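When the chains are written out, they are named A, B and C in that same order, and each has its own residue count from 1.
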Amino acid sequence: MEIKKLQGAIEAILFASGDAVSVERIAEALAIDRATAGKMLGNLADRYCTEHGGIRIVRLEDGYQMCTNPEHAAAVRAALEIRRRMPLTQASLEVLAVVAYNQPVSKAFVEQVRGVDCSAVISGLVAKELLEERGRLELPGRPLLYGTTANFLRCLGISSLSELPQLRKEQETEEEEAG
Amino acid sequence: MMDKICYKLETFEGPLDLLLALIAKNKLDIFNIQITELVDQYLEQLAAMRERRMDVTSEFLEMAARLIYLKTVSLLPKHEETERLKCELTGQLIEYQSCKRAAAQLGERFSFDSYTRGPEKMLPDRRYHGHFTLKELYAAYLSAAGRGKRFLPPPQEAFSAIVSHRIVSVSSRIIYVLRRLRLRTEQRYEALFDGIHNHSERVATFLAVLELIKGGRIALNGDQNPKVKLLNGGGKHGD
Amino acid sequence: MEIKKLQGAIEAILFASGDAVSVERIAEALAIDRATAGKMLGNLADRYCTEHGGIRIVRLEDGYQMCTNPEHAAAVRAALEIRRRMPLTQASLEVLAVVAYNQPVSKAFVEQVRGVDCSAVISGLVAKELLEERGRLELPGRPLLYGTTANFLRCLGISSLSELPQLRKEQETEEEEAG
């Protein structure tokens, strides 16, 4: 039915938003009046308010927002903690290594070394607090510079960058021979 | 210019390269082409060309050989080999055809209409809590640098070989050869190269000798251990 | 009830993560066995699969992810002011097809099949999170390998690569129909 469809649409909007969404915005998007939208949001919030339910719809000053039921905070934390301990991807390791040995470096430098776009990997590493911004390069476009963090040292189990393995001359010789 | 060999088949009429181009562009299915018919016409054309004493390019010959082999095999009861050869002929093209077909299938199903959300904002801590080793990091660096090396600007040293490379001019070696011969008008040809290890210098010296022989200013005699002799005092011919 | 609580916790984890969460990780976080976690995830996904429902739980390889019901795409776009994503180009679809059916593959492999340079298309697909790096090939130059992502499966509406349309079968059917 039409009402069921509208309810579903509101549910989808709240889910995808992440932030609070105002009643006006929802009314406008669905071409319904404010009062109806408000009533439907209220109903939806009630529907989500079940015992032990994982998701809640809370009313905030500027609208409605979906969020996890605080009851499950410990479980959520446990699950996401595990994710934060999962091994890094090869791409992440390579980017980290290139930054670690050449810091501070721009994204362009890392991409030149690896030969592919590294935007997503770099922002992932910044979110993981393994890389951080280190000002800008005084060049056209003033590109951001990146360096490794204290968390990076901790994850590696070293106390300073000087403990990084020396890049050996051998490698250079090898490369010359290969080239 | 050679006339293109044209084929008249049930589903196609035109030269072979057009036929292949059409198959490649998925305009024509190779399975609908009668290879035997194609071979007959090809051989006919080939015979006609021979009569007219036209050059038959290696490309055509190669194609003909493949097609004839296909035909002979198809006459034998072993049909598997025919199929295998048919595949060989069309392998790459079919692969691309099926790629296009797969692309079309994916395209029909593909949709960006389902939306996901980022992680909940209540949990801003995305800090990495795992561990990795120095060895892994070092290996990753070698891996990354090994690949990207060619994308980096070449180091200064890479140019030095080119820039500092001595290009020896032939004229400078002509002067060198003449000077030596003026000191001793006849000497071993090989002696001219004594002490020269530089590749460019050796080549230039050789070219200088040729140039001087051509100009009639020196002569080279003897099969084994040839000797170079200064002619006419080394002056230009006719001087 | 204990089961209801676990169900709620799973719901909360999927919601809070945003990304796909593996059955294994959920089992570990909730200290239950994998089989139970898998069963509960399946049940939860079924529960969400209501007519006009706003949220769907989809299975992607060995994990599950919450996303909106495509039915409400227009409403979500209108409310969140998201621009409609352009359909993939023919070139992108072809590259996706080559990678999907042969993964992991190098750029060179894709280019050999298609006969043209595919660098830009591949990095575009990586940026769209439809392709991802999958380590390197042990060959001179150590070329990067690419594979499809969980997001690729989600956009296709399938749960695993084994559900990709069968190439041979379709072709034969076509021929039979044609013949």
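Simple rule for what comes next: a contact is a pair of C-beta atoms (placed from the backbone, for glycine too) under 8 Å apart; a residue touches a chain by one contact, two chains touch by 3 or more.
As the structure is a prediction and not an experimental result, all values here were calculated from the model.
J.: From chain B, which chain is the farthest off, judged by mean CA positions?
T.: A
J.: Measuring from the mean of all protein Cα atoms shown, which chain centre lies nearest?
T.: Of the chains present, the most centrally placed is C.
J.: Based only on mean CA positions, could you tell me how far chain B sits from chain C in angstrom?
T.: Spacing between the chain centres: roughly 40 Å.
J.: Measuring centre to centre with CA averages, how many angstrom lie between chain A and chain C?
T.: It comes to 18 Å between the two C-alpha centres.
J.: What whole-Å value do you get for the distance between chain A and chain B if each is reduced to the mean of its CA atoms?
T.: The mean C-alpha positions of chain A and chain B differ by 47 Å.
J.: Which positions in chain C are in touch with at least two other chains?
T.: 15-17, 66, 68-69, 76, 136, 144
J.: Considering chain B alone, which of its residues make contact with at least two other chains?
T.: Those would be 115-120, 122-123, 143, 146-147.
J.: Within the complex, which stretch of chain C touches chain A?
T.: 1, 4-5, 7-17, 21, 25-26, 28-30, 51-55, 66, 68-69, 71-72, 75-76, 78-80, 123, 126-127, 129, 132-136, 140, 144
J.: Please name which positions on chain A make contact with chain B in the complex.
T.: Touching chain B: residues 12, 15-19, 67-68, 76-77, 80-81, 84-88, 90, 93-98, 100-101, 112-115, 127-130, 151, 155-158, 163-165, 167, 171, 175, 179 of chain A.
J.: Residue numbers of chain B touching chain A in their complex, please.
T.: 115-123, 126-138, 140-149, 151-152
J.: Over in the complex, which chain B residues touch chain C? Could you list them?
T.: For chain B paired with chain C, touching residues are 24, 31, 92, 95-96, 98-107, 109-120, 122-123, 143, 146-147, 150.
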